[in-house]
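What follows is a pair of complexes built around chain A, which joins chain B in one and chain C in the other.
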Partner chain A sequence: MTSVDLARSPDDVAPAPRRFRLRWPSMARTPLVKLSLVGLLVLILIALFGRYAAPYSPTALESVPYSPPSRHFLLGTDFLGRDVLSRVLYGGRSVLVVAGTATTLAYVFGLTIGLLSGFNRSWLDATLMRTMDVLLAFPPILFILVLAAGAGAGATMLIVGIAVVHVPSIARVVRAAALDVSVHGYVEAAVARGDATRHILFREMLPNISSPVAADLGPRVTISILLVAGVNFLGLGLAPPSPDWAIAVAENRSGLGIQVWAVLGPAAMIAALTFVTNVVADATARSLGRNETREATPL
Partner chain B sequence: MSITINAGRLERRRLLPPLVAYVLRRVCIGFILVVAVSILVFLCTQALPGDTASAIIGRSGSEEAKARLREQLGLNEPLLSQYWTWFSGLLRGDLGTAVGSRQPVSEFLGKRMPNSLILGGLTLIVTVPTSIALGIWSGIRKDRLADHLIGGATLGFIALPEFVTGTFLISLFAIRFDVLPPISLFPPGESPLAHPDVLVLPVMTLLLAGMAYNVRMVRAGVIDTLDTEYVQMARLNGIPEQRVIRKHVLRNSMAPTVQVIALTAQWLLGGVVVVETVFQYPGLGDGLVKAVAARDIPLVQGTAMVFAVLYIGVNIVADLVIVLLIPKLRTAA
Partner chain C sequence: MTGELTVRGLTIEVASGANIVDSVDLHVPAGAVLGIVGESGSGKSTVGLGLLGFAKPGARIAAGSVQIGGVEMIGVSDQELRSRRGTLVSYVPQDPATALNPSMRVGEQVAELVRYHTSLGERARLASVIDTLRRVQLPTDVAFLRRYPHQLSGGQQQRLAIGIALSCSPDLVVLDEPTTGLDVVTQAHILDEVRRLGAETGVTFVYISHDLAAVAAVAAVVAVMYAGEIVEEAAIDVLVTQPRHPYTRGLVASVPDHVTALALKGIPGVAVGVGGRRITGCQFRDRCVQRIGRCDDHKPLLEPVGSDAWVRCHAFENTPRVEVHEREINAERRNGAASLLVVEDLRAEHRSPRGPCVVAAADVSFEIASGECVALVGESGSGKSTIARCIAGLHPPVGGSITLGGERLEGIARKRSKQQRRALQLIFQNPYDSLNPRHTIESSLVWSAKQLRGVPAEEARREVAELLNTVQLPARTGALYPAELSGGERQRAVIARALAAHPDLLVCDEVTSALDVSVQAAVIELLLGLQRDLDLTILFITHDLGVVASIADRVLVLERGVVLEQGPVTQVLNHPVDVYTQRLIAAAPRLNDRPIAPAPRVVNETLHGV
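For the complex of A and B:
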């Protein structure tokens, strides 16, 4: 922030911009949040590395379909006779990778659009924001389904679809924060110095709006996970043979009365993942000073 | 004096009563949004690279069949005229013909829409009072046991995907106790209201998944109201707490109710897609998912537009109701 001194007049004592700072001690105050942090870590580890502990191949037909839990198959087998436990251990990576990539992509575009709109309040702002309004006039899952109809199911479609769904809301949050920041002395100073717009947006403004943006990140990740799981469950995301928790729930549902573990195993994993993500997201948002739950992001 | 001058000016400029002008403006914006969304839907379904005809028929289909389908869908025309053919049909209420069933899309929508509206309507009737009651209770008992319990439960349910909630409910009520049907099957042409048992689990799933966000919103509203000066004033005046809550807090935190209803309705438009699939409930959402899987483009386009119009419509109606309920906003509008 060396640039601040350049143009600061004596009476221009805007409050020092608050940098992104998580307050861990206050955030992890409640036992629920502590447990969820541990749970999230464990789930991420299982999702990423669980496959190396899997007793069988996730795609090999090992036994009779829907055989009950036994010494060989701790959670029994699924509708094709594949080991449920192995498929659960393999099935988390796809959710995390797709949701993570989509959210990152959404932030790249959302941040750029929001910062540009908030900084450059001209026809560009109006055009960008009206475009965002159109995207917001559509339920998220519906947009992804329409895209799936046109582009075909698959991981790429899912990533692009989820990213597009997030961009308008991210851009709005970023724009509102950028509007607040753009009147501060250091931004005006940068403009007066003739800094490149790119520099002003990402070096001067972005660090100073990191708090509201970070508070919004947690709920976005949760929504991404929910959307990935939802679309995969509908059979319009990843292709069936791949081990995925949501797909496993969908394909074993007809055997719910015979071998409940084939559904309960993967379903419990998704439930645990979305639950702990949500608790951690909520705690992060609170710790970053978002007031109560009113700005919580609805799906 | 300045007041009379201002009033005179306003009187002269005003062609329409402000409320009517507001309604007209909102409806116009709504229509523009519908047009914009139709362009978006068209671009996503028909303008993306790749041969739509071979996607529908499959690679194995004969060239002849593909050519016929291209002709039928008008895929050989330039993009702009394709859009215009589709959109002008949309305005006339002609949504085209489904590729799979070769029946008019409007017929398909007409059969399934009532089912979805019944499911959504019932869910609204159940969800709104429940979430308002729980929200108020949680708000006035802030930081006590009830608040923590409700808060923890909503945090949990807000996070669960609808299909997980639905599957848990099926395994509990249909498999374990066998009191309700696991899937919502009833003879086509009949109303689901004639078979209330098929509605219980879908409504329950939507309730559990959709209520959480509303409860938190109502709770935040109640807590805000409890903080206001007029509530403090009432307390300082020695009015019993019971009465303060009944007469001041509840009445003033009712304003977000309309918002809760609107948000629930909008959320439901996405929620029914998954829940109808979970229970194989013959509504629009289930139909859309099947149409997408079969890549039946006219069917997807028509269904998506119905969803979009409902979504935008709910938004406009909610805004109007809020303006009507809160006189303060009328002048601002």
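For the complex of A and C:
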């Protein structure tokens, strides 16, 4: 196609390739991360499918209230005489689904708003960010309580409430990262090419801010779980008869001195879930950061 | 003066055990200026720091000796080294803006070092500060002493850094790329300064640079480094007229000249040592055109040739003379062809909410004929990049019009038709930044073709290999990410991305300024080939007059948003009419225009093979 000649093509002496990839296996290098990864999988499996292994119905009154652990009731019974183990096996799904959905929803909106603000530094940025500031001014629990009072308790309210609580801070972190990225040549090239805004945001910019966003993910999932648990504990989330770890803690706390397992069982599950989520998310963020292409400085 | 520098077997290794500086020997008599020239990754800065007995974190001085006036710098305690740095040897880093403490006033900045190394009283110290500033021709009034570094110009900052380096009267000063970030006029002043200080103070200078022409302006003897080794050392006249090492020869042939329009010849391939990778035998062999069998496993030694030249090559007798040819310039092409790009009364401004409104282009008008290459030359702040951004639709102008192929272009890229966006492709200054690090090269090329020509992804993917071939990259480059490519390879990939759109006009904004000179030459060669073979029109924006001479048919000189002069490239460069152009041309260093040229005319003829 061209007659420009070079004595030799750069092929011969190109540097040894060092591929960019997400190093999932190497991410789990330390024993703690390995253990947490396994723990997270186990907890997810328990939360989603544990109910099929439950020995009793979670709502049936099987024995006297607060009976201690025995051969029949491995973790004893709760304040109504229901099997604690069965309620623990049933009770994870609501936390996991509500927290997961809310966090995902929060990221969908937070990323979009943050990227748009960081890319489009105009009145749109100012409007979006001031709106976020207003939302940030509400304490999270208070916001959800007000929402619950207005819209009524329930899973949908919880999901929306937790998502709204997360959106402003996600948007701010994303915007800061997007501001850095938006001045790069590849974003300008996309603008000059006339790419659609959604392509510029999600194709050009998003992949380059994944590491600060991932660093933020761990604490956020944890906060979601704790918010779900907290609101359920206060009795403003799911209604009491349904098996839920947080509700179980609330219901049985009066019997803490008599039958500690009725509280400790579900509480330990919540604690374990938040802990392993955090460790795994942090390891993911570190792995992404390590792979961040380090740009050679020009002369 | 006793500032004689003797370096023996200086070897600096990184943690992995690889030598990034391999057994370097240097000898500089007191009061002389030695130039060290090399491209990125050659180890020249590492040597420069090594002269202070210092190695950057991650590297360590493994062996060798550095003696300044007989005082050893290697294997000495840190405390001892600290007291010698500043008084025996000092260092001027590349970027004065980051080297000076931004929160310290000029007077304090100089006094700090004096206070550390001497026990002068306050009055004597002030006298010493003023003396220092006077020596580098900076103002000495109180107002100046109270300024902060950011209130100085780039040239003043660099003078200040040099002044501080000289303030405790060291025997040796290491200057590491002291003019790289500066405009040519400022660079010329700094080069004068170094020459003058060398002559006046008797201080020994080591001048490190990638720019052979700048080094030639100050140094009598030059050492050429490649992959951590000195490959050739000789008097500058000998070096540029009769380079004996093939690398030096390639380097000399790559240097553009603004007086004579030269056809440049780059060195193919990528430098060893950029990634710390070393090979057995000769480090240059993969890029060498005169490689022989011995080069593969026998490392050549630095051997004396004649009385005062050294070369590290098995086959240096075979190195042909530098043949530099003048290139053909198509100044007449314009007459036949219609205008492709017409810029009329373009006015562009930079507004900030509080700051003043800066006019980046004031009623700029020019035309580019189809198939022509026009250079827009100006110093930083001249508005040349803003004009490129206006043409590309990234910076809406406040007045005037831009017409491409008879159609008037909107100020914002997205408002232009797909056809218009396809026809005009912008290539950015920094190849390290204009490719998305998270997309493979193939993905970038395919996307460009898909977006601008509407071809299906499958078809675009089939074109990738051919596109890469056009810019002389191997087909396997498509699967790589930008971080895996060298600067030159990335710039080729960016050009390929532009070509994927089948453009009519390429707007090249300082596309070679981030590249090494041998790579720059290869990219210019490539662009000229593309212009010829694909009948492309090029608007080439640069600050480098030598590059202008080597690529452009016509040139426009821009200062503060105003076009001062335009015309065919040879006419403007050889017979500039405007004062500013004359000043620029006088300031630009030339390879064959050295202070100590025994027979300039002869030099000229051999260099250009007339």
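Brief remarks follow.
Here is the rule we use: the second predicted complex is superposed on the first by the 251 of 299 C-alpha atoms of A that agree within 3 Å, B and C clash if a C-alpha of one lies under 4 Å from a C-alpha of the other, contacts with A are read in each partner's own complex, and residues count from 1 in each chain.
Following the convention adopted for this analysis, a residue touches a chain if its C-beta (ideal position, glycine included) is under 8 Å from a C-beta of that chain, and two chains touch if they have at least 3 such contacts.
These numbers were taken from a predicted model, which means no experiment stands behind them.
Using the contact criterion defined above for the overlaid structures, shared-chain residue A:137 touches chain B, although it does not reach chain C. Of the two partner chains placed by superposition, only chain B is touched by A:278; chain C is not. In the superposed model, A:185 lies in contact with chain C only, and not with chain B. In the superposition on chain A, contact of A:148 is made with chain B only, not with chain C.
Taking chain A as the reference chain, the count of touched residues is higher for B when chain B and chain C are set side by side. By the touch criterion defined above, A:208 lies against chain C but remains apart from chain B after alignment on the C-alpha atoms of chain A.
Looking at the shared chain after the overlay, A:194 reaches chain C, while chain B stays out of its contact range. Residue overlap on chain A between its contacts with chain B in one complex and with chain C in the other: 293-294, 296, 298-299. The residues of chain B lying in touch with chain A in their complex are 33, 36-37, 40-41, 44-48, 50, 52, 55, 152, 155-156, 158-164, 167-168, 170-171, 175, 182, 213, 216-217, 219-221, 223, 263, 266-267, 269-270, 273-274, 277, 288-289, 291-293, 295-297, 300, 304, 307-308, 311-312, 315. For chain A in complex with chain B, the residues that touch the partner chain are 32, 133-135, 137-143, 145-153, 222, 226, 229-230, 233-236, 246, 249-250, 253, 256-257, 260, 263-264, 267, 270-271, 274-275, 277-279, 282, 292-294, 296, 298-299. In the complex of the two chains, the chain A residues touching chain C come out as 1-4, 6-20, 184-186, 188-189, 191-195, 203-204, 207-208, 293-299.
Those residues of chain C that touch chain A in the complex are listed here as 39-40, 180, 210, 266, 268-270, 272, 274-275, 277, 286-287, 289, 392-394, 413-414, 416, 418, 421, 426, 428-439, 447-448, 451-452, 466, 469-470, 472-474, 476-477, 480-489, 492, 497, 501, 514-516, 522, 525-526, 528-530, 532-534.
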